[in-house]
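The first chain written gets the first letter, and so on, giving A, B, C, D, E and F; residue counts start at 1 in each chain.
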Amino acid sequence: MSEQFNSFKPIDSNATPRYAGIATFMRLPYLPVAQAGAVDIGLIGIPWDGGTTNRAGARHGPRQMRDLSSLMRKFHPSLGINPYDLANCADLGDTPVNPIKIEDTLERVEGFYRQVLEQKIIPLSAGGDHLVSLPILRALAEKHGPMGMVHFDAHTDTFDRYFGGCKYTHGTPFRRAIEEGVLDPKRVVQIGIRGGLYSEDDDAWGLGQGIRVIRIEEYFELGVEGVIREIHRVVGDQRTYVSFDVDCLDPVYAPGTGTPEVGGISTHEAQRMLRSLRGLNLVGGDVVEVAPPFDPSGNTALVGVTLMWEILCMLAEQVAKRRG
Amino acid sequence: MSEQFNSFKPIDSNATPRYAGIATFMRLPYLPVAQAGAVDIGLIGIPWDGGTTNRAGARHGPRQMRDLSSLMRKFHPSLGINPYDLANCADLGDTPVNPIKIEDTLERVEGFYRQVLEQKIIPLSAGGDHLVSLPILRALAEKHGPMGMVHFDAHTDTFDRYFGGCKYTHGTPFRRAIEEGVLDPKRVVQIGIRGGLYSEDDDAWGLGQGIRVIRIEEYFELGVEGVIREIHRVVGDQRTYVSFDVDCLDPVYAPGTGTPEVGGISTHEAQRMLRSLRGLNLVGGDVVEVAPPFDPSGNTALVGVTLMWEILCMLAEQVAKRRG
Amino acid sequence: MSEQFNSFKPIDSNATPRYAGIATFMRLPYLPVAQAGAVDIGLIGIPWDGGTTNRAGARHGPRQMRDLSSLMRKFHPSLGINPYDLANCADLGDTPVNPIKIEDTLERVEGFYRQVLEQKIIPLSAGGDHLVSLPILRALAEKHGPMGMVHFDAHTDTFDRYFGGCKYTHGTPFRRAIEEGVLDPKRVVQIGIRGGLYSEDDDAWGLGQGIRVIRIEEYFELGVEGVIREIHRVVGDQRTYVSFDVDCLDPVYAPGTGTPEVGGISTHEAQRMLRSLRGLNLVGGDVVEVAPPFDPSGNTALVGVTLMWEILCMLAEQVAKRRG
Amino acid sequence: MSEQFNSFKPIDSNATPRYAGIATFMRLPYLPVAQAGAVDIGLIGIPWDGGTTNRAGARHGPRQMRDLSSLMRKFHPSLGINPYDLANCADLGDTPVNPIKIEDTLERVEGFYRQVLEQKIIPLSAGGDHLVSLPILRALAEKHGPMGMVHFDAHTDTFDRYFGGCKYTHGTPFRRAIEEGVLDPKRVVQIGIRGGLYSEDDDAWGLGQGIRVIRIEEYFELGVEGVIREIHRVVGDQRTYVSFDVDCLDPVYAPGTGTPEVGGISTHEAQRMLRSLRGLNLVGGDVVEVAPPFDPSGNTALVGVTLMWEILCMLAEQVAKRRG
Amino acid sequence: MSEQFNSFKPIDSNATPRYAGIATFMRLPYLPVAQAGAVDIGLIGIPWDGGTTNRAGARHGPRQMRDLSSLMRKFHPSLGINPYDLANCADLGDTPVNPIKIEDTLERVEGFYRQVLEQKIIPLSAGGDHLVSLPILRALAEKHGPMGMVHFDAHTDTFDRYFGGCKYTHGTPFRRAIEEGVLDPKRVVQIGIRGGLYSEDDDAWGLGQGIRVIRIEEYFELGVEGVIREIHRVVGDQRTYVSFDVDCLDPVYAPGTGTPEVGGISTHEAQRMLRSLRGLNLVGGDVVEVAPPFDPSGNTALVGVTLMWEILCMLAEQVAKRRG
Amino acid sequence: MSEQFNSFKPIDSNATPRYAGIATFMRLPYLPVAQAGAVDIGLIGIPWDGGTTNRAGARHGPRQMRDLSSLMRKFHPSLGINPYDLANCADLGDTPVNPIKIEDTLERVEGFYRQVLEQKIIPLSAGGDHLVSLPILRALAEKHGPMGMVHFDAHTDTFDRYFGGCKYTHGTPFRRAIEEGVLDPKRVVQIGIRGGLYSEDDDAWGLGQGIRVIRIEEYFELGVEGVIREIHRVVGDQRTYVSFDVDCLDPVYAPGTGTPEVGGISTHEAQRMLRSLRGLNLVGGDVVEVAPPFDPSGNTALVGVTLMWEILCMLAEQVAKRRG
C-alpha cells in the first residue's frame, strides 16, 4: 500500500489485490487540488443529487464508483495504449457540496473546477445527478468559450422548469448551459433519447436551438458506425465535452439510476462510441446518475467506471498529442 | 393530489413527484367498474397465481406494477400520440380472486370482465400468472366470438394437464381457450417460444390446431421486421387479443418471473413489435407473470408497465378510430 | 374491491386478499381532504426527504408503508378495541411537496394540514424525513397553542444549523419548533437518544430549554415501566403530539432509515410505550424516516405501519372519549 | 463425498467443507422411505404452500433449509449429547405434493407419513406452510390417538374459513385437527400469539375448546421459565407434538415468512424453550413457514434449521430412552 | 421422490414440482463414483475457489447450480434430442477439496477425475473457479494425450504468476496446461477475450504458443457464424475439451462472478456456439466461475446450468455416436 | 475535502456530508506507516480471508467498514470523551496480503505490525477472518510478552487442525498463539461461545490450558454486569488485547459473517462490555469476520465500525493516561 499515494499511476493489482486498500478512482493516488500541479488528468467526484426530481441516490455514486474502479487495469488492448504512460493522473477527491441547497452547491462545485483548471488539469468527473454538469461546463466555458458536447442520455435534459418554477434540476442543465452561452447548441449531439414525454412540445426548444438529437429509433437505424460519423460531423474539431448519463444504457446494464427508461443501448455499443472520440478536441468528461441505493450489487457502478476508463484513455491521448 | 381521482388522465408528474401519491396504474384515477361508464380503456389488476406450477409470486404483480407505472409519462414520441387525449382511461382496481381456489377464481375474474364489457370498456390487464388470460378471453369471446391472438411467451401454454389431471394451470390456458372455441387457433401467433420440453410431443397439439409458432431460432432468422409481417399475416383484420408473458423476454430484462428461460428477446424488440400492432383490430391485452418476490428491485415491473404503456397507446388509437 | 372507497373502514382481508387492491393506508378508503368532512382521523403521507443530510430515501416511505399496511388487521387484542368502530378513518393521500425546494415544501405541507384541521380531522402522518414534523406542528399549534411531545428517536433533532447556515434540515425541526413557540420544551420528552455527537455541546441547548432527554443508558436503567411513568409525568394531561423516528429502534428492526444508530430499543418495547399513551390528550402523531431504498424487503415499512396502527388506536380512543 | 449416503450420520465437515456436496438435511444420507427400515428419526420436507392466504413462498422452504443445515454440527454442548450417537437419522426426501390442489396434497402427504410411521420412524418435518401440519397430525393420530401439542406461533391457526368457505388454509389447520379429534385441545399450548385480529371473536373458539393460549403479553410477564412450567403443566407426560411456525419469532429473526408480526420472541428464548421439552413424550415435530423468496439471504432458513436441530436432539433422547 | 435415485434420468417435473426434492444436477440420481459403472456422462461439482485473486465465492457454485438446474427439462427442441435417451447420466456429487490448500486440492480433484475416467464416464463439471479446469485436464490428458480446447472467457487465463510467485491461480490454468503438454495450444481457441490488461505483454505468451485468440472486437466483426467456422477450423476432429467461464458473457447475464468485464457476449449467442459443437470429438466440458454470493437471485446459476444443459446434449450425442 | 489528509482528526461531517469523500476509517487522514511517526493509534485493515473454512468474504471487510465508518462522529456522550482530543489517530491503510498463500500472508501481516509497533503506534485493526489476529499478536508479543485477551466470539477458535492437517485456519489462531507463548491462556476470557461442536472434546484443550470460557448459557445467567466483573478478574491489570469476532453477536445484528450462530448477544450488550474495558491495560484490538458479500446492505459493517469506535475510545484514554 505504501506506494498508493506516491506516483501518478495506479497501484499494482498483481501485488496488492484489487479489493485491498483505500478506494480511489482507478487505484490512483489521492491529491488535494492545491497539491496537484503536476497532474494532467484529475478524476473528481461530485457527491450530490439535490437536483433529482424522482429517485435520489446519485450522491452516493462517487464512493461506489471508486470502490468498483479497482477492477480496472492499466493497458487498453483495443486502443493499444496505457493512459498512465501518457499522462499524470490522480484522484482529486470530491468537490464540496451542500446536500440541502442547490445554489450553494452550484457555486461550490464551479469554484472547485476553477481551481482545477487553474492548475491546467483536465477534469474527468463522476456524478452525482446530471445537474452537476452545469457548474463544470460553466468553469470550462470561462476558459474555453462555448463548447460542443457529445451527450449520451435517455433524456434531453433541456426542460425549462419543474414543480412550479424550479430552474435548476437534473432535467434542465443543458437548457441553462445553452441560455448562458456555455454550450454551442449547433455543436451538441444527443444520443439514445427515448421514453415518454410530459407533452408533445418537450423537445421543441432544444431542436429549435439546433441540437442534433438522435432518438433511439434513429440510433438503431443508423447503426453504431452511422452514429459515430454523425457525432464527428456535429462536433467537428472544436473544443468538446463528453457527458454520459448511465440511463442512456438499457436498464439491464444500469439499473442503479434515478430515471431508467426501457429499451436503451448496450455497454458494448457505448464502448465503441466512446473509443471513436479519439482525435476529437476534448476538454473533459463526466459519467453521471449512478445511484447505488438502487443497485447495491455495484454492477451499475462497474459499468460507470468502465465508461470513465474509456474516456480517460481518450483524454490521455489528448494530453500526449498536446505535448507532442 | 386532489386532482388524482377527478379526471380520466394521469396526474401531472411535473407538479406531483412521481414517487408521491397513492399508486394507481399510470397515475390514473381509480374508479370502481360500476361507476366507470364513461371510461374507454380500463386498466385492471388480477392479483392471482394459483395456477403456477413452480415459483409463485405473480399475485403481487399488479401492486408492484402500479408502483412502477409512476415512471410512465403522457406523450409517446415514437408514435406521436398522447393516448389520454384519444380515450378516457382509468384504473378499475383489481378483480376479485380466491388465492386458494382455482375454479372460484376463474369465475370471479370472468364475472368482473363481463361487467367491464357491459360498460363497453376495453380491458388492459396486469397479471397474475398466465392462467388469468383464460377468464378474460372467455368474457371477451362471449361478446366478440372466437378471437385471434398475438402471444409473446417463452412457452406455448398449450399443455394439457399437470400433476396427474389438473386442467387449469398457467401452462394450459390456451389449450382450454382453443378447446372452448374462445380462440381461433388459425389466427394465433406465438412468438419467442424456447427452452426445453417435457417431451418431444409437447408442442404437437398446438401445431396440429394450426397455431403459428415462431420459435426463438426462427425469430432471430426472420428478424423483427419479418416477425411483424408474419403477425399481420396470421391475425389479419379480425378481432385480436394481445397477451404478453414477460418470460418471452430474456431473463436479464425480466428476472422477476416464475419460469425464466435463458436466451430470449429484448425489450427494444418487444417495443417495436407492440408498436407494429397499430391498425390491428384489438379487443384487449394483458401483461402477465411479473413476480415481484423474484425481483424486489422493481426492474421487471418497470418493464411490464412499459409494455402496458405500449399496448395502451395501441388501444387508444383503436378507440379514436372507432369514434371516427 | 368495489367496497374499497365506500366506507370509513378497511376492506375485509378475509374476502379480498391482503396483497390485492390499490394500496392505501390500512386498506382504508382514499378521500381528498376537501371531501373528508366526516372523517375523524386522517392518515396522510408526506413523501419528502429534502432535509436529509446524509442518506436520502424517506421520500419513498409513504408508498411502501401503504403497501405493507395491508398486513394490519382491525381488532387490537391487547387493547381490546377496534379503532374503526370508534372513529371514521380514511387515507387522505399525500401532501403536496417540492422535492427540490425546502421552503416551498414547508409551506405546502403546512397548508395541507390547515385544511385537515379545518375539517376537524386528527392527523396521523407517515414521513418523509423528520423535518416534515415541523410544518405539521406549526399547523397544529395555530389551533392548539404550544404542545407537549412524546418523541422517540436516536437523535434529539435540536441542532441549530448544518453546512454553514442551513436552518431547516432533518436534524433541526424541534429547535425551530421550540424557538417558534410551537412546542413547550418543558413538556417534551425524548426517548432512546444515543450515538456519537459532533461535539460535546450538541445537546446543551435542548437540555437548557428544559427538554427531558432519556438517553439510551437511562432508558435501560429505568426499564420500560419507568420510562412510561416519566412520559406521563412530563407531558401531563395537556395537548400532546407523538413523533416516532424509526431510528429510535435498533437498526435490526429498522435498517431502512437514513441515520441508523447501533444499540437501540426493540419494537416490542416501542409497542408497550405507545400503548401506554392511552389516556393522554393526543392531537396527532407521525412515524418518520422509513427509507425504502435502504430496505427493499419492506421489513422496516412493516415496522413503521405497525407503530402507526398502535398510534391510530390511541387516537381512536381519544375520538370516542371526546364524543362521550 | 462417497460417505454421504452410507451411514446414518452427517458427513464430516472437518473433511468435506460445509458448502460442498449435495444438500441434505444436516448432511445426513438420503434414503427413500421404502428403504428406511433402520431409521429412527426421519427428516422430511413438505414443499408446499397451497394453503397460504397472503404471501406464498414456503414451498421453497425445505430446499433452502437443507442448504443452510450444512452449518449444523454433531455435538450439542448445552445438552451434552450427540444425537447421531443416540438414534439413526436420515433425510427421507420430500413428500409428494400437488402445487395446485389442496385436497390432493393433503392426501398425498398423509399417505407419505403413514409409510413413515409403518417403518416406526419418528418424523421431523420442514414446511411448507402451516397447513402441512394437518396431514402429519392425521397420520400420527391414527397411531397414537389424540395428541397434545406445543405450538409456537404468532397466530392461533384455529380460524374457521377464508374467502367465503375455504376450510383448508394455513390459518385453519388446528381447528380442523381438533374437530377431527386428532388433537386434544386441553393439552394444546400456544405460545407467542399476537398481532391484530379480523374480529374480536377470532380466538373465542379455541379458548372455548380449552386451548391454553399464551399471548405475547403474558409470555413476557411469565418469563421463559414461567412459560416452560406452563408448557409442562399443559401437555403432561402424554403423547405430544411440537410445531414451530417461524413467525412466532420476531421478524428480525425470521423475515422470510408469509405473515410476519412485529414484536415477537427471540431465537435464544426459542432455543431455551425447545431444550426444555426434554423428557416430554414427543411423537414428532415440525418447523414451518420459512419462505425463501422473502429472505434470499438464507438467514431465516438458518434459524429454521437451528430450531430443527434442537428438536432433533429432543427426539433422539426419546429414542434412546425407549431403547433403554 | 422415491424414483429420484433409481434411474439414469431426471425425475418427472410434471409429477414432482421443480422446487421439490433434494437438489441434484438436472434432477438426476446421485451416484457415488464407485457405484457409477453404468454411467456414460457424469455431472460433477468442484466447490472450490482457492485460486481466486479477487472476489471469491465460486466455491458455492455447484450447490446453487444444482438448485437452479431443476428448471431444465428433458427434450431439447432446437436439437431435436432427449439426451437421457442417448446416454446414462448421473450426478456424481462433488469432488473432494481443501478450501485452504491449493496443491492438496489439485491432487484431490485430479484423483477424483481419474476414478471417473477409469469408469469410462465423460465428465461435465461445474466450478469452482477456473483453476479447477487444470486437474480435470491433467486427468483427461493422461487418457487422451494433448487436447484441443474451445474456451469461452473474458480472460485468456494464461498469465504466469501472481503476488510474487504464485503459479496456481484462476488466472494461470491454461499456461500450466500448455507447459505440461496437457493442451495442444495450436488447437486452442479462446472466444470473448476483453477488458484491460496488467501490461501490454500479457497476451504475448499465449499468442506465441499459437493459441487462436478471438478478442471481443473480432468476435463482433466475424459474427457468430464466422466464429463457429473458426472454432471448427482450429480444433478439427481431434479430442477437444469445452470450458465455459461465465464471465465470457456480458455481466448482465452473469453478474454473479468474480471478475466481471463489461461488454461481453449474450446467452443466446453462447447457446448457438455451444450447439455448433455438434460433431466435434468432445472428451468433456465445464462451466466455471459462478459465484453465488455476488448473485443471490440465482440468475447467474440459471445461466450456468442452461449452458451445462447445452454441453450435456453435445456429449450425449457423442455417446450415442460411439455406440453406433 | 482538502483538510482530509492534513490532521489527525476526522473531517467535519457538518461541512462535508458523510457520504462524500474518499472513505477512510472514521474519516481520518490516511498516512503510510513510514510517515506515521506522530500517530498514537493506527487504524489498519487486513483484507484477507484465506483461513476461512466455509464462507469466504471477510477479505472485503475493511473496505466496507471504511465506507460505513463515515457514520461515526467525534464525541462519545456515554463516556464523555472525544478520543481525537486525547490521541493522534490515522488510517494506516491495509496491510500487504497474499490472497492465495496463507504462510506468505502471515509473514507480510506480522511484518507490517512490527513497523507499526516500531513507531509506537497502538494498532486497532479490521479483519479479515480471525486468523489475522495471529500475526498481530505475534508482533505485539515480541514487544509486550505473553498477553491476556478479552475475546468475544461464538467459537473458541482453539481447534487444532482442519481438512487433514491444516494448522492455520480461522478456527485455530488462539491455539497457535497459546502454543507459541504469545497469549497467556490463564488471562484469556472468551465470551459468547455457542453453537454445535464437531465433537464432545472440541473445547477440552482450551479449558485444559486455563482459558475462562463463558458460554452463552452462563453469559445470560451472569448478566452483563457479572460478565464484566469476570472479564476484569481474569485479565487483571496486565497487558491485554481485545478481539471481537462479529459472530459473537446474534446473526440479526451481524448477518454478514462467515459462520453465523443463532442465539447470540446484542450490540447494546457488546457496547456495555466494551465500555467496561476502561482502565484495562490495552495494547490493541481488532474487529473481525465482517463479510460484505453476505450483507451488501452494509448493516453488519456499520455494527463492526461502531464496535471499533468503542474500542478506539478505550485506546485513546489509554494514550492519555500514559501521557499523564
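Note that in this section a residue touches a chain if its C-beta (ideal position, glycine included) is under 8 Å from a C-beta of that chain, and two chains touch if they have at least 3 such contacts.
Remember, it's a predicted structure, so these values are computed and weren't measured experimentally.
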Ask   = More C-beta pairs touching across which pair, E-F or A-F?
value = A-F
Inquiry  = Counting only Cα atoms for the centres, state how far chain B is from chain E in Å.
reply    = 38
Residue numbers of chain B (touch at least two other chains) = 15, 17, 19, 53-55, 59-60, 99, 162-164, 252, 294, 297
Request  = Could you please write down every pair of chains that are in touch?
outcome  = A-B, A-C, A-E, A-F, B-C, B-D, B-E, C-D, C-F, D-E, D-F, E-F
Query = So in the complex, which bits of chain F are touching chain A?
reply = 1-2, 4-5, 15-17, 19-24, 30, 32-34, 45, 47, 59-60, 62-63, 66-67, 91, 93-97, 99, 296-297
Query = In their shared complex, at which residues does chain B touch chain E?
reply = 53-55, 162-164, 194-200, 202-203, 215-217, 220, 250-252, 255, 259-260, 262-264, 294-295
Message = So in the complex, the part of chain A that touches chain C is made up of which residues?
response = 49-57, 59-60, 98-102, 104, 162-164, 166, 168-169, 293-294
Note = So, in the complex, the side of chain D touching chain F is made of residues 12-15, 17-19, 71-78, 80, 82, 252-253, 266-268, 271, 297, 299, 302-303, 306, 309
